[in-house]
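One structure below.
The letters A, B, C, D and E name the chains in turn, as written, and every chain counts its residues from 1.
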């Protein structure tokens, strides 16, 4: 069975020594993220997030289903995650580990329970038909900060996604194909972003966006989810090192800054992608014209 | 097997010398039990009822040896369905032993069999008009499995919980959808006084010529046969053989066990019924 | 058992070591928040009558291990028993440097308004278990018992909000009683952020389930006198500015609970000492 | 959680044809209350097992007769796995399983449910007390019983809604005990005595003989059967029926299954259902019904003896220890 | 001038070897399968190397997974101690989560070790060791002394410092293995140039040893360094900043030519101040 090897004594003491001098192995500042690379697929709703060596892919898809009987006016939104051996040899396929459960719970709380997606807008015919939006998160490479990366991937994919347009006439529901009518974006109420803090040296040092090696050595961690309006969506500090209340508040303030930066990057990439799409469509059109001529 | 685990997982088995000593002292006339009880004496226990506000009836019992059992009874309104296999499904019993994956089938079956014995009249009280009925869930939680077999503890707690189970009074007509009286003071008991009470199960072990009630784990392993006798009012409603003991038993002994059980049960019933009338 | 902090109050709180013997008092001042009236229990007249009737011989002493603790926060009732340090039951729980803390949380099927069986693999239960075990793993002096396991078993008999907080308090009580070495008490409470129509919000201590449904709130646990926060959970949307106020009230509340726990433990300890059990 | 190692059939879509047989037209075997059904028992049918047996009840007369069919195989004594602690006695485990096709209508899954676990536990109790476990230290004896057909229903699902106690499970357990006993004897494991299972029930009697027609009539009335029965309880007397079968159509007030060691006159298992005390004292009635079950098991014991003996003689003959045709027929035993 | 690198893929059959003399026997190295009488099939993708003088032929490729082979010096991590030996992990790849194979390091496999004087290693200690036994049926065995002299010769526990991973090819280059292939390649180029009647010119790549980074770093910084063939490198210096600088330079230099490597180091040193 492949197992994660614990860091060696040398690595442990070196990393902690370096942290004591405010140095990180990869040369970053204590409170800076690795370079965020965000790419979109050709199809709508595919976001590929790279945070250093961590790589997460999120795919959003939609289908028409019957709503839950207890919530006839709401659409359905699900997020699925699976930590497979693709991300790290330490993960086994099929078995749900505690890490995976916590991860999926966190993403669920950060995005779904904070109502980032307006589920009421997904309703087509009350109690009869609604959209089910499904976000599948695939972990391609694991080098720490899985929660942060997957949260970015999901919110980016949700914003990128376009669902087919629907028209309702009485009882008759028509779903228009993508070519027939311009597909419509989802109604996103706010964009939650997760920032995970790792605590070292009895709370003296707190890191943002820890790598896997740093995660293995941390004494405690806390994930704060915020949107750029300064609304807390979720805080999860499940045990670990006890932290002074003031330090916690400081972390929250750092998180707010980071969330602003990340949200801006996501927004910029979305705009760039949209512009590229327009260019491509124009190109295709002109080609088609040529052929006709 | 499941019942074996609950009774024997704690502690190591007795050595042959201990076993032989125990067997000898238990076969004496009069017998000597390791804790100097008389053959029909129970170990001390603390009981309380109606401890949980969100249940229709509940009880908690604590044995001297650390065993603790909580029973909660909840009733829900259910529509009579064609596919349902009949009123036997109207009472569902679940035994959950703390720290064990599966629920205990053997204990559950013992309770279910004696509870659903034909002619007890409980099922008739669950009918709500023509289309609905109560579905009663009896959830038995063994918080800390006692050092001995939990059957006695479990059924005594269940008895107490069921005796204190109340169902809201139906105020609608037979053909209508059920509507209930909001006042809990008007709620009807599931087991009214004067009707056949819920059953209890007594664990009896036989060693040679002697019969012991409420045996400890040690006594169980020294005995010949362990019987669980379920008694409802004055009637025997079920006998089962349990794991433990080392050999067969003559039919005369079975008869004696049952006879004495009936006598002891009467005393237990009166003691249990005094719970709740104390203050 | 009442403590007032910025107008925030605990519900009737009952902590005991083994057998509940006295009645619960509801000291909550009448507030604008109502308890759910749909609960059939609220009008149950004999709701709080508790009887201890020894059947035959009342003189009983439990074996020193496995003495459960019982904690009530209003209608939330939790029983906790601690087993350990013991030989690890699973090979994965064996660590050559420290004891591992394992937690089992079990929601009784009858604990909620509707009967519901929660499986062992329920994500919420797993999350609670992991949060509790990580909270206590750092507070217990686990290095004193290498290659062993401390098993905490929690049973939720009745749910009415603040479940995780009640579990933390029950586990602390049971751990102290079991004699597992720990650096300090871990105590927990919940705080809700309430906004008046005139925008003057004030945090409310100790949420019931109806309040949990409608108000954003945090669960937090602090470690002893240091007032450092070891567990913090927020699951509903709230303005960042409100966090500070909630934390302040919560830390204060945890301190109050610590005093209450301390009182119960001291009383129990004195009783034990009088009985000659120490 | 489904068993992923097996290739299960489609969840829905294939419904086995349900023929109108026992459920609507109960073929009632007219036999007197004290007559046992014919038993077919043959040992040594599973070559890889140390001992095995097959039991069929009753011996089928026509093609569609609902029967109770069981196979049992015994493995051991074999060494305990190294992970287990020392045991001075052999550890006997018994496992009873219903085949997916054993019950009519819906197919059973492979998941062990409460009924199977309960019956398995009782089976191991009944057998454990007869085997000389002290002779085989550090070893394990595993008994597997699989039920191939159970007389068109277990009867535990309450198909007699207002009726009495169901005996389906009891007769499954009793026959499983007998069958496993024969397999243990076939395996050559040392025993104190062979356990035979027997079932007896108390039914309402009218005029000395149990009239099948009347019982059927009350069943047809359906809803009123409960009242009818209660009414009858006042006038009718209760009679003891040996070896009742769920398809016989009795309304059984109480029933008992026993595991009985005939040579030692000792019981290894007592299981009763239904409340006793219709006819006077509760204790007397328990005794009466248990005695009835013992009588039934004594009859079964004869069959076990015969089956084991024939197999034994066959073996001896093969080894050349005895000559001539000591074995008659094809080596199976039947009893009437 | 074109760089002709002979890249071959698994399954390809090699053309018959051009041989100067008849009847010479070639030694077949890793990555090739020999089917008698004289067919060679590639079993690992990579660059084909033929040494006509030593009569050897092998495939050169870079990978992340280390397979133990005798006499390799490696850096291993102690997992636990048993009655007479330490169980070690030989980590190999430089992916975020290193995979590892297990090896046995006997307690007495240290210079002048007796039962009483053996060094005590704890879980997570790092050792520089030589593989004394590599066999596909059992776990490899390690030794912490030189086979010839019996002295430590640098083997033993590595205290302090930092351990990081590089690719196996990089580790081999740092250990100077590249020299062999480099010489081969230069010889080939010269021969080819001679055939075409041109003058041979070094384009800078051929003569790169692949370890200029170390040479350059060693000139201005003082640090200790151990390279394991399993792709782990241990660096130690008095100052974490220096250690980190060395680490980053090595990690970044993998795909750089000699000149670029020197440039990289110079810039890093400037940043370090």
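What we mean here is this: contacts are C-beta pairs under 8 Å (C-beta built on N, C-alpha and C of every residue); 3 or more make two chains touch, one makes a residue touch a chain.
Here the structure is a predicted model, which means the values were calculated and not measured.
Common neighbours of chain C and chain E, listed by label, are A. Under the touch definition stated at the top, chain A and chain D share no contacting partner at all. Relative to the whole-protein C-alpha centroid, the nearest chain centroid is that of C. The greatest centre-to-centre gap from chain A, using C-alpha centroids, is found for D. Note: centroid distance chain A to chain E, computed from Cα atoms, is 39 Å.
Per-chain CA centroids place chain D at a distance of 72 Å from chain E.
Note: centroid distance chain A to chain B, computed from Cα atoms, is 52 Å.
With centres set at the average Cα position, the gap from chain A to chain C is 33 Å. Chain B makes touch with chain D in their complex at residues 1-4, 16, 85-89, 102-103, 105-106, 108-109, 113, 117-120, 225, 227, 232, 234-243, 245-251, 254-255, 258-259, 262. Contact residues on chain C toward chain B in their complex (touch as defined above): 18-20, 39-47, 49-63, 65-68, 75, 77, 79, 81, 104, 106, 108-115, 117, 120, 151, 153, 155, 157-159.
Those residues of chain B that touch chain C in the complex are listed here as 41-56, 58, 62, 64-66, 68, 70, 72-74, 76, 94, 96, 98-99, 101, 137, 139, 141, 143-144, 168, 182-185, 271-272, 274-276, 278-279. Those residues of chain C whose C-beta lies close enough to touch chain A in the complex are 121, 123-124, 126-127, 130-139, 218, 222-223, 226-241, 243-244, 247-248, 251. Residues of chain E touching chain A in their complex: 77, 79, 89, 91, 95-100, 122-126, 158-163, 234, 240-241, 243-244, 247-248.
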